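Look for chain A in each of the two complexes below; its partner is chain B in the first and chain C in the second.
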Partner chain A sequence: MAVVPDIAGGERASQPFAALGEGPSRAPAAWVSALVSRARDALPRLSLPTTGEEAWRFTDLSGLARESWRPVVSPGAVDAAAVDALLIDEARASRLVFIDGVYSPGFSDTRGIGDGLGVAPLAQALRADESGVRAQLGRLVGGDVDLFSALNTAALGEAAVVNVARGARGRAPIHLLFIGTDRAPASAVQPRLLLLAGEHSAVTVIEEYVSLGEGRGFTNAVTEAVIGENAELSHIRLQGEGAAAWHVGRVAVELARDARYAGVCIASGARLSRLDLAVRLGAPGARATVDGLALLDGRQHADSHTLLDHASADATSRQLYKSVCDGASHSVFDGRIVVRRDAQRTDSAQQSRGLLLSARAQINAKPQLEIFADDVKAAHGATVGQLDADELFYLQSRGMPAAQARRLLTYAFAAEVVERVPVRSLVQRLRARILERTGLATVETGR
Partner chain B sequence: MTNSAFLRLAYNTRAAARGHEELDPLEFDDLVREKAKLVEMDPAFLERSVNDGFSGGEKKRNEILQMAILEPKLAILDETDSGLDIDALRVVAGGVNALSGPDNAIVMVTHYQRLLDYIVPDYVHVMADGRILKTGDRSLALELESRGYDWVTGPAGARRAA
Partner chain C sequence: MSAVLQQLVSQPYQHGFVTDIEAETAPRGLSEDVIRLISSKKQEPDWLLEFRLQAYRHWLTLRAPQWQNVSHPPIDFQDIIYYSAPKPKKQLASMDEVDPELLRTFEKLGVPMSERAALAGVAVDVIFDSVSVATTYKKKLADVGIVFCSISEAVREHPELVRRYLGSVVPSGDNYYAALNSAVFTDGSFVYIPKGVKCPMDLSTYFRINTQDSGQFERTLIIADDDATVSYLEGCTAPRFDTNQLHAAVVELVALERADIKYSTVQNWYAGDENGVGGIYNFVTKRGLCQGANSRISWTQVETGSAITWKYPSCVLQGEGSSGEFYSVALTNHHQQADTGTKMIHIGRNTRSKIVSKGISAGQSSNSYRGQVKIGPRATGARNFSQCDSMLIGDRCSASTFPYITVQNTASTVEHEATTSKIGEEQLFYFAQRGIDAEQAVSMIINGFCRDVFIHLPMEFAVEATKLLGLKLEGSVG
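Up next, the complex of A and B:
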């Protein structure tokens, strides 16, 4: 445990992370170095959020601040078979693998990505299209949004870049796989992702965080996604890190005219995870579907803050967020929808549903609608409860024991979000994970 | 979860409890397709989620299919005829007739005589406020149809029953 010097507030709070924003810059270009410098300059002004702030009311980071975090010096060793088991069939030849934050050419394979798609680590992506990357990297998430964005940007050197040319369509889904090992204690990785979908293009990207082992360590990830006119990005974000992990993530998405974003974020790992996801619907015809699932047990804590920003007229957003909490776990959902003054004819619907499986579990759901336009459809609903007694009776009346009936209904509740993932083998794997968590592992659910 | 996966789970739970052999998905598929013919159900239904988007008639057929597969000793069919058109009623009734036998009992709850044109009951009980007021055979249902429930449940009816 780090000894934190008892000095003035802000400095004291960011002390546990000081080592993450220091050291020689690994930036592959001068303009990246400039981003890094700006973020490093901002760091002294930024402090660790506390539960005194509304956005962090239910998520206490004081445990994270008890460590003195260091960057990973060299990635841990991994077993090839263990990595192979994490691969997704459809994306075997369209994947980038990072071990403890470090790009691994050996485990990556991009032979199947198809024409017009660039899928590469930052340095290589710059060689292919420096001006395109330069125009976007750090634009949606700069180094001064909050402490975590600044730390991530201050360490910027490595990144996973998906750059889809105008009109190109991804043949296979792209798998960006971040594997954490049981590396040195108190070490942090700071993944950075840039997803660029050019006009009229279409691509599916799977952003996945896993641990081989108990997952001790801290992941601080930032993803920027820019979707061009009439382009379509399907984005699946899976946080399945080990039981000892701390995970903080930020996703920022911007949609041009008639652009479509379909996000499915699933948090089933880590001791504590926080995701801030913001989508800006910046032009008419933009459509965002933002779905989420938290599948928690034990003492796990998952916090998802989303912002759907209707900055233009005639845009549509849909959102379904589900939490399943067993043990003494805690799920937080804060779903903010802003409809700006000129965003007439906005069509927005948000639903959050929580399922409590134990008397000690806790769910906090907070829909926030801020509507400044007057011709708007904005529906929202939030429910938190237990399994439905009528549904349990239905299954029991068909001869199913009560415990089995509870597991089956829990599975069906969570599976609704999983079914929205557009990658078949991944759906099957996620179903199996839910079955395992609900103790129903022997059932085949077909389809 | 698909209808057929749910049914297999229920079937195997019952089979285990009765000490019978459990069926694997292929064996179960044969069984369920055979039974689906009984209620003239399109096999595509088996691959849909349980009761998701089923019409009233489809739900009823599905319930008879469940009965055919799970073979309950006692089944309670509550208003199995409600919301069914004549064709669906005929199919559902045909299923019930095929499934009733000396080893099981079926209690049907209905407000109308119509269902009894297709399913001939062994007994007819008239129930009101949780009490059985009158018991008879099929002719009781026909008499009820012509005379109305007031005949049994009205003040006069109640006195007669007492």
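Up next, the complex of A and C:
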């Protein structure tokens, strides 16, 4: 595994990201170096997005640029019990753990992954199937489009790779756990994930970001997922970093013929988080379900930009995005559905629902449909509002105090997305997190 | 889709002709001198000249917007004639004195003044290339204290009203084209409905762009005082030209306490030919301010013409309990482009807004709905409902929906829905089964699709709009 050294020059320290683009200490293969140097070459012409740009209109990154970010020199110390508490029962023997972006063999365990599956850090994945990884790494997210993917690619020395062979089916969900510690101030980690589901295969991957502590730091993650013919990827992305964290993530998914993608992205952490998720339905029969939940409080800001790109005929997409905003938090949802020319018989439906719990909270929703074919079913709906007065009244009429009724309805609102996670113990954990957030933790909820 | 339908949509534009009236025109191009010329021609007071010059100086600092979903070659603002007016004739006392040439123009449009004036008592303020030459029913309106005249006349007769409200809803620096309009506007309508008056008839203006290469910059200002009610109709056609013509109008509505303004538009300007050559650029800023409590502003539009339609009739809901409505049908065919929608800005408590938008795209056209619903922090109890439906006819056109929703208040509710559909084979088959040919079937399906909007149009317009859609789609459904 590669440890990214601290090579920030003193004279560059005034630029927020200069030190992050210096490249990894060593690349696992020559072609990876080529990828890295292309991204590094692109960096000078890429700048930090501003609110003047449509895609960043509601998300202000100027605070992020006030720090001079540096790569992590060596991972912080973690307590084994603390890590153990983060593990998911079903995935105890199918997990990779990264501490501050650095692969931790000690905390990882891949004995239970089953036949035909490769779950490994990059160098090891290359030894197993170099040509397969080489064909896909950096293909969906190149290093020359926007600043963050360029920075991530320029630092590409490590990656978490899930490589599922043709026809293989994962026995257990795979847990890719990225733990941040409160290490040196202004340190940044740039995780990279590559998920490859071969033809007719099926796998569940949990991509999770957590902090032990406040989470001071910047995470800039990139995930590429390529789903082969008739393969199925269930992808759960959990962003639960500490209250001081900055989190920018990009997920790019590509579906082949009859491939299925089921994504659930839950953002409950970080002071500011942004996720760009793009799904390309590239062949007939492809089906994508993209669900999301933002659970915000305090001064948190979560921005979710999704693109469902119907590039082929006869594909189906479904989307449900929910946000719950308390305190002075701010949720942004920008959901774009594009139906390209000749993508006939597309069937696409999107729902976004926002729940405002406090007078200082704010929600921006921008569902978009762009349709260039005529034989299409496409619909979107968006609502932003408060808890339903009739429902509150109903619960109160059964003797439930108003405050508790409000919490219960809030819980139910958020739980709809959580129920879509296919991992049982994770659902329970997420439910508990919502209960805690809504102040219902002590109330019996019936299950 | 059947080949029969494909042939149904290409009826040529019927209103393509040029009326030859001697016009007095300003030199081509835009400068402070041209603005001073316009101002002096119109014998305007100093404050208005100052308003124009300020807008012009601000416009110089602006850059043309880029975010819209329409494309056109850059506009050469120095190649436009900003002022052209029919030679002043003696003051007209009755319709008989109106230039017969002008009357014939309206005959050709199929809207003879006499008939139109008779029809349901509609007063028509005829705008013919920038200067009003005839105003009917003025006396009847004057009896109840309503002012309905050209804005130039209003500047002379009611300077205090114009000065107070001009630019109060759309400030001169609001946007690129509003700034341009503020600098060079030549004419438009002015309406003032005094307190407690219900306007006895629908007010109507027939716009018409004449004189090749003369962009029109109308400025319309409608003020409804406390408890006043008015319905205003705007209808447009333009002669057939191959040079693109810019139309950058500004419409401002002000509704005071409990006032009610209904503004209806049928727009059928020249859209260019089947290959996208020529046609009007219709870049309009329309905004209404519900200033008083419980006031109401309702926009209804049927947009079928213009090479490019780009406008967002909006409501600023400031007064407590005020409401805004927007009903729109936008039809694009051939190479037409439309980027239209609305903004509902909720500021006051218990404000309500409703948006119903129907987009129909055929041929190789592009039709976008873009809307903003903003619930401000003090708009407690605000309520919005939006519905945007698109219909695509043919596989070379596009329909897009870009709603922006911003909510900063917990005690408010916003709902947005959008769907996309097409005219199904089964529907056509069903009609054919009952002996109704494809052309009629399409017309009926489209009218059903647009019904939610048409029911809000005044009667004459509803009839006209229904015919217009059928006409516009002939040959494109297939």
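Note that the second predicted complex is superposed on the first by the 427 of 447 C-alpha atoms of A that agree within 3 Å, B and C clash if a C-alpha of one lies under 4 Å from a C-alpha of the other, contacts with A are read in each partner's own complex, and residues count from 1 in each chain.
Going forward, contacts are C-beta pairs under 8 Å (C-beta built on N, C-alpha and C of every residue); 3 or more make two chains touch, one makes a residue touch a chain.
Nothing here was measured: the structure is a model prediction, and the numbers come from that model.
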Side-by-side fit of chain B and chain C on chain A, or clash: fit
Which of chain B and chain C A:436 touches, first, second, both or neither: neither
Chain B versus chain C as contact partner of A:54, first or second or both or neither: second
First (chain B), second (chain C), both or neither touched by A:375: second
Touched partner set for A:89, first chain B, second chain C, both or neither: neither
Of chain B and chain C, the chain that contacts the larger number of chain A residues: C
Partner chain(s) touched by A:79 [first = chain B, second = chain C, both, neither]: neither
Touching partner for A:130 - first (chain B), second (chain C), both, neither: neither
After fitting on chain A: smallest Cα gap, chain B-chain C, Å: 22
Sites on chain A touched by chain C in the complex: 54, 341-342, 344, 354, 356-386
Sites on chain C touched by chain A in the complex: 67, 375, 377, 390, 392-422
Complex contacts: residues of chain B adjacent to chain A: 1-2, 4-6, 9-10, 13-14, 17, 25, 47, 49, 66, 70, 72
In the complex, chain A residues that touch chain B: 395, 398-401, 404, 408, 411-412, 415, 443-447
